[in-house]
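What follows is chain A paired twice: with chain B in the first complex and chain C in the second.
For the complex of A and B:
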């Protein structure tokens, strides 16, 4: 992997962290609000299904996770397990796709 | 006369601590203690020093678990219950006893493009640098490094990633990035970016806490991170 790519990954890690800070705060606040209000699952689904704003928000959340987690684990694997090189990066590319696929599957589950 | 119980590392990577009893004196430094052991108790003890006044950066050792410059560290400050443990610097191969192999440490300065590259020939006049310019102020804050290796020895990222250039080399690169006479900035930025460079710093700040010259390599590394980020976003890295 080139130094340029490594540096792009670092910037992506920081940018996705900034997005996640907002997303996690919004998500937690919404969860607490929903539970306090005593909403049922059916009532929550009634609010999320077809709601493009929530769909866009959680799609962004999932994309940020799919970017942030594998890059963070890349450093953890290198420094803690001494696992570096192409095999590590290939596994983490797969993890990014895995997180994005199943994350979006969940988002679509409450949107459709 | 009171005495000091000193345990000193003997051997190479594998070895053991050896106990010595050293007379206590007023204003005694850790280097004084090591020198007493070598001159009076055991002449086979290997250690390194030169100036004895905090200029050369030769005498750094691990004292009671912390890297320190021993010539300027008073025993009063570090001894606990009149006892002290002295070991070679961490993160460097041990040659023998308290002497470490510093080659990798200084090779990394070269890898970080730690050499000045000017554009003027000797026929031209000196380039003037205003002392109050922001770049020169940044250089002043970081330029007094004596290359003792205390920061490198204290850095957990070096321990986890042996390729990591380390605080001293990156601090050197930072002083050159801020030197307005230097023309190798783009090349140097490529040398200090990436997994082995400034982007791997965890900002633990051990280097800043332990630097005997009160330099903050962490600040310089943060500056390099900013430069790398902006350069890569411009597509120029």
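For the complex of A and C:
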């Protein structure tokens, strides 16, 4: 792993963390609004289905998670389990794809 | 501070385990059958199970802990806040945010899960928004059906007339009502299938804002003139209009309304040039006709029958292909204009998001109401025929009619900016 790649991962980890902090805050505001409005699942879906802005927001949310989680686990695997090298990175790449696929599947379910 | 970093890391590991499960479960519920709101409702009921509730709580708690640690790290690395006191203050702020998140998510889950939507519905009066003033065929149909449904449901069905903009005012109000089954919309066909082609700006989307329930009734229209009008037949009216192009006027229930389109259809078929006069509803347009403000109208039988029977209006022709039982002696317009036919319909749609169980119940109960002998008799008297098709059939019919009106409106250049 080159220094440059490590730097990129470090930046990606921090940048995705910052995005996640904003997304969580927005999600929090949305949930409070939904609760105060007494919205049911049907009403929530009526607002999210076909709404491109919500689709873009939750897609960003999922993408940030798919980036943040594997990079975080990479450090944990390396430092605590002494698991390094290509096998670790392959597993984490698979995890990133898994998170993105199933996250987007849920987002599409709410959007379509 | 080392402990905080450790907690952040441990919570991250746990989240990495729970989040994929959460995504998978939500996606599985929403991609399955039935899709849409019913799926989300069933997913939320599933989350009421103790084990699932525990894992959802675990995610929220872990997310809160992880968020605190993450914000602390970002502050230390990117802001010059290495001072212990300030860092702790930031962590405390993040904790407050996280607790808010926990509260909101747990309350949301509770609020959304609730009871099954159609259970015990309706438990209070149901509102029928009618997009035209009283006295028109839409209003008459809604009151007949609303009364019968009220008897079946043991609840009052309140008819609220919201006229204006060819039905657009009432449609916009219904579109933005809570989709809980307690507000239903009772439009005439044109509000759902023609207005989107006529109005440059429409404050509702007939396809996106509503879901079909059932086409309740339909009926032909009748070409009428005032009792003291010099025109005694369809031919005489057409001849007069041709002799003085652009002089004769016709009133209707509003731009884009069923009566407007029926009249435009007649004008088009007759090849005459007449000036349209929009009113706020069918009732007011007939009052204007009787008062001599306009020369003729092509109006729904239900709205005109009383005036015809009392001798205040003269029926010249019916828009059905054959003679109409309630108007004996009134010839079909097709006798003068071969092939001419026009039918109006009035149905029930619901704001998008209304639970499917409620839509099915309203459809089935309306069908039941329409099958009753007394309802059939009352509709017959009004010149209306029961329909009661399924939501799917109504949706398909509306799509076909939407395409038809798109063509007519384009050819007739009917446009409101």
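The rule we apply is simple: the second predicted complex is superposed on the first by the 112 of 112 C-alpha atoms of A that agree within 3 Å, B and C clash if a C-alpha of one lies under 4 Å from a C-alpha of the other, contacts with A are read in each partner's own complex, and residues count from 1 in each chain.
Following the convention adopted for this analysis, contacts are C-beta pairs under 8 Å (C-beta built on N, C-alpha and C of every residue); 3 or more make two chains touch, one makes a residue touch a chain.
These numbers come from a predicted model, not from an experiment.
Bringing the complexes onto one copy of chain A puts chain B beside chain C with no clash. Contacts of A:3 after superposition on the shared chain: chain B is touched, whereas chain C is not. Contact with chain B, but none with chain C, is seen for A:78 once the two complexes are overlaid on the shared chain.
Of the two partner chains placed by superposition, A:97 touches none, neither chain B nor chain C.
By the touch criterion defined above, A:22 reaches neither chain B nor chain C.
After the superposition on chain A, the angle chain B-chain A-chain C between C-alpha centres rounds to 160°, nearest 10.
By the document's definition of touching, neither partner reaches A:56: not chain B, not chain C. Looking at the superposed arrangement, the partner reaching more residues of chain A, out of chain B and chain C, is C. Per the superposed model, the minimal spacing between any CA atom of chain B and any CA atom of chain C is 5 Å. Shared contact residues on chain A (touching chain B in one structure, chain C in the other): 14.
By the touch criterion stated above, chain C contacts chain A in their complex at residues 9, 12-13, 15-16, 19-20, 23-24, 26-27, 29-31, 35-37, 39-41, 43-44, 63, 67, 70-71, 73-74, 77-78, 97, 100-101, 104-105, 107-108, 111-112, 114, 117, 178-180, 208, 351-355.
Taken in their complex, chain A has these residues touching chain C: 14, 17-18, 20-21, 24-25, 27-28, 31-32, 34-35, 38-46, 49-50, 62, 65, 69, 72-73, 76, 95, 98-99, 102-103, 105-106, 108-110, 112. Of all residues in chain B, only 157, 160-161, 190, 193-195, 197, 199-200, 225, 228-229, 232-233, 237 touch chain A in the complex they form. Contacts from chain A toward chain B in the complex involve residues 3-4, 6-8, 10-11, 14, 75, 78-80, 84.
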